[in-house]
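A short worksheet on the structure shown next.
Think of it as A, B, C and D in the order they're written, each chain with its own count starting at 1.
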Amino acid sequence: MSTAIKRQDTTAAYATPLVFEDDKLVRFHHCDPAGIIFFPQYFIMFNEMIEDWFTRGLGVSFADQVVTERVSTPIGRVECDFAAPSKIGDVLRFALRVDRIGTSSLKLRFEVRHGEEVRVRAALTLIRASLETMKSVPITDDLRRRMEQYLATGA
Amino acid sequence: MSTAIKRQDTTAAYATPLVFEDDKLVRFHHCDPAGIIFFPQYFIMFNEMIEDWFTRGLGVSFADQVVTERVSTPIGRVECDFAAPSKIGDVLRFALRVDRIGTSSLKLRFEVRHGEEVRVRAALTLIRASLETMKSVPITDDLRRRMEQYLATGA
Amino acid sequence: MSTAIKRQDTTAAYATPLVFEDDKLVRFHHCDPAGIIFFPQYFIMFNEMIEDWFTRGLGVSFADQVVTERVSTPIGRVECDFAAPSKIGDVLRFALRVDRIGTSSLKLRFEVRHGEEVRVRAALTLIRASLETMKSVPITDDLRRRMEQYLATGA
Amino acid sequence: MSTAIKRQDTTAAYATPLVFEDDKLVRFHHCDPAGIIFFPQYFIMFNEMIEDWFTRGLGVSFADQVVTERVSTPIGRVECDFAAPSKIGDVLRFALRVDRIGTSSLKLRFEVRHGEEVRVRAALTLIRASLETMKSVPITDDLRRRMEQYLATGA
C-alpha cells in the first residue's frame, strides 16, 4: 500500500499539519487518443483520494457514510490547473491538504507530481450534504477535529 | 437534433456574438449512489460540447483534427461552480461562449441550465496543441476567424 | 433526432417485429490510446439504448422507473463479439431487438454497424429488479405487451 | 499491495498453474443510482487486471508495449455472468487464469468473489494486435512461455 500520512514539515520542532498522500498508476483506461490522461479522469482520482482520506486518513468509513448515514460531500467548486501531461505507465503522487473548514463546507488542495514535476494543482470545495434531501448539513464536531489535523494553520 | 447556434441578443440591431447550445439528457450512467450527476461527468459533457462546437459550430471536424492533423485542444485550466444538483431524466441546456482567444489558447464559458435554474457555470482554458509533441501550436487565422463569431466583444 | 423504430421487414404483408435504432457518434472520450473505442464504452452505449428504448420505444420513462417506482433492469449476462474496431468520428448505427421475454428476465440483442460493416454483436440478459431489495420482480402485463412488439416471433 | 500470484492448487505435489489475484475496493464512482457497481465498470476493472498481469505477473510492462512497441491486446469476445450485486465499500477479490493460448489470441477467465460469494464470472478473448495497423500479430515465443505458467493444463 503506497498511502502515506505525513507531517508537512518533518523538520519542525512543533506539530505541523498532516498531508494525505497516495500513488496512482496512469492506466490505459485513463488515457485518450493523444495517449495522455483525459482530464475528467483526474477528478475521478481526486474523488478516490477523498474516499481514502475519509476512510484511512480520518478513520471515518466513506462507504458507511453513504450507505448507512446517507451523508456525503458533493463538490461545490473546482479550480484546477493542468501544468503538464501524464502518460500511461506514469506513477503519480497525489497529495491532499485541508485549506479551510467552514460550518458545512470544506476546501481541499490537491497536488499531483511525477517525481519533482508538478502535473496538476487543484482546489475543491466540498459541501457536507444529506443524500436524502441534498441539503447541506453541519460538519460534526468529531469529524471537524479529525479534519483539523490536516488544516494548514496560518503562515 | 437539439443543437442551436443563436445570436446572444436576438433583439439587437447590430451583430451580437453567437452562442453554441445543446440539450443533454441526464442518464443512468452519469449518476452516483446519491442519484445525481457525478461531477466529473459534467467535464465529459463539456468535452462533448467542444467536439460538437468544432464540428457543427465552427465547421471544422474535431475527429479529423485528431486523426489527420494530429492537433487537439487539451485543457489548461478549469474553474467550475456547481450551483444545484441534476437528477436522472433531467434535460439540461448546455451553452458555450468564447471569452478570449489568445495566440494558442482559448477561454470558453459554459452555462448549464434546467429550465431557468442555473445548475453549473464553468470556464475552461484550452491549449491548441500538437498530439505528436504535446507542445502548443498557434491557432490558425482561418480557425481564429471562425471562433471570433462566438467571441463576447466588450461590455 | 436519429432514433428510428422500424418494422424488421418492411416488405412483409404481415406484421413483423419492431426494431429500435439509434445513431451514435464515436467521441474523443470513448477512445483509448489506440484511437479506437475502449470496449467498456460499448456497454455504456448499450445501457443508453436500453434507457431510450424504455422511454421512447416502450413509452415507459426509464428515469421515472428508477426515481419513482424504484425498479430497474440490471444485467445478468453479457455475450459480446467485437468484429472490427471503431474510430473517433465514426457514426455507428445501434439496433436493439428482443429475443426472449421471461417472467422477470429479458434477453436483448444488439447489433452495431458502420454502414454495412458489422462492428459489434451482443446479447444482454436483463433482470427486472427492485432497486430497494435488489431482488427480481415480475415484468408487469402492461410492460410485457409493450415489449412483445419487439419480440422476434418464430424462426 | 494486495496482488498475489499463487499456485492454483497449493497442496499438489506437482506444479499447478499460476493464478493472478488482486483486491479491488468498490468505489463511489463505480456505483449507480441503485448503489451497486454499474456493470461496465467491471470491464474497466478486468482491463486493469490485464495491465497488472502483464506488468507484474508476466514481467512485461503493459505501458511500454502500448507506448514503445505499439502492440496491445484488444478484446475480441466477452462472456460474463453477474451472479450477485456489489456495493460501495465491498472489497472484491479478482482472479485471472489463462484458459487457452492461440497463435495471436488468448482466452482469460476472471472470477470475482466477495469472501466466498461469487459475484461475477467472465471469459475474455484477447487479440494480440498492432496499434498502428489494428491487425493481429503473433504472440512471441518469449511472451507465450510467460503466459503458459498461468495455463490451466488438462482436466
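Quick note on the criterion: contacts are C-beta pairs under 8 Å (C-beta built on N, C-alpha and C of every residue); 3 or more make two chains touch, one makes a residue touch a chain.
This is a predicted model, so every value here is computed, not measured.
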Which listed pair, B-C, C-D or A-C, shares over half of the residue-numbered contact pairs seen at A-B? C-D
Which chain maximises the distance between its CA centroid and that of chain A? C
Between chain C and chain D, two copies of one chain sequence, what rotation angle (nearest 5 degrees) aligns their Cα atoms? 180
Could you see whether A-D or B-D has the larger number of C-beta contact pairs? A-D
How many angstrom between the C-alpha centroids of chain D and chain A? 29
Find the geometric centre of each of chain B and chain D from their Cα atoms only, then give the gap between the two centres in Å, rounded to an integer. 37
Quick one: which residues in chain D touch 2 or more of the other chains? 28-29, 33-35, 38, 40, 44, 47, 66-67, 72, 88
Counting only chain pairs that touch, give me the topology of the graph as line, ring, star, complete or other. complete
Using the touch definition up top, name the residues of chain B that touch chain D in the complex. 28-29, 31-33, 35, 38, 40, 88
Could you please specify the touching residues of chain D with respect to chain C in the complex? 33-34, 36, 38-41, 43-44, 47, 66-67, 72, 74-82, 85, 131, 134
Complex contact set, residues of chain B against chain C: 1, 26-29, 35, 44, 47-48, 51, 61-64, 66-67, 72, 87-89
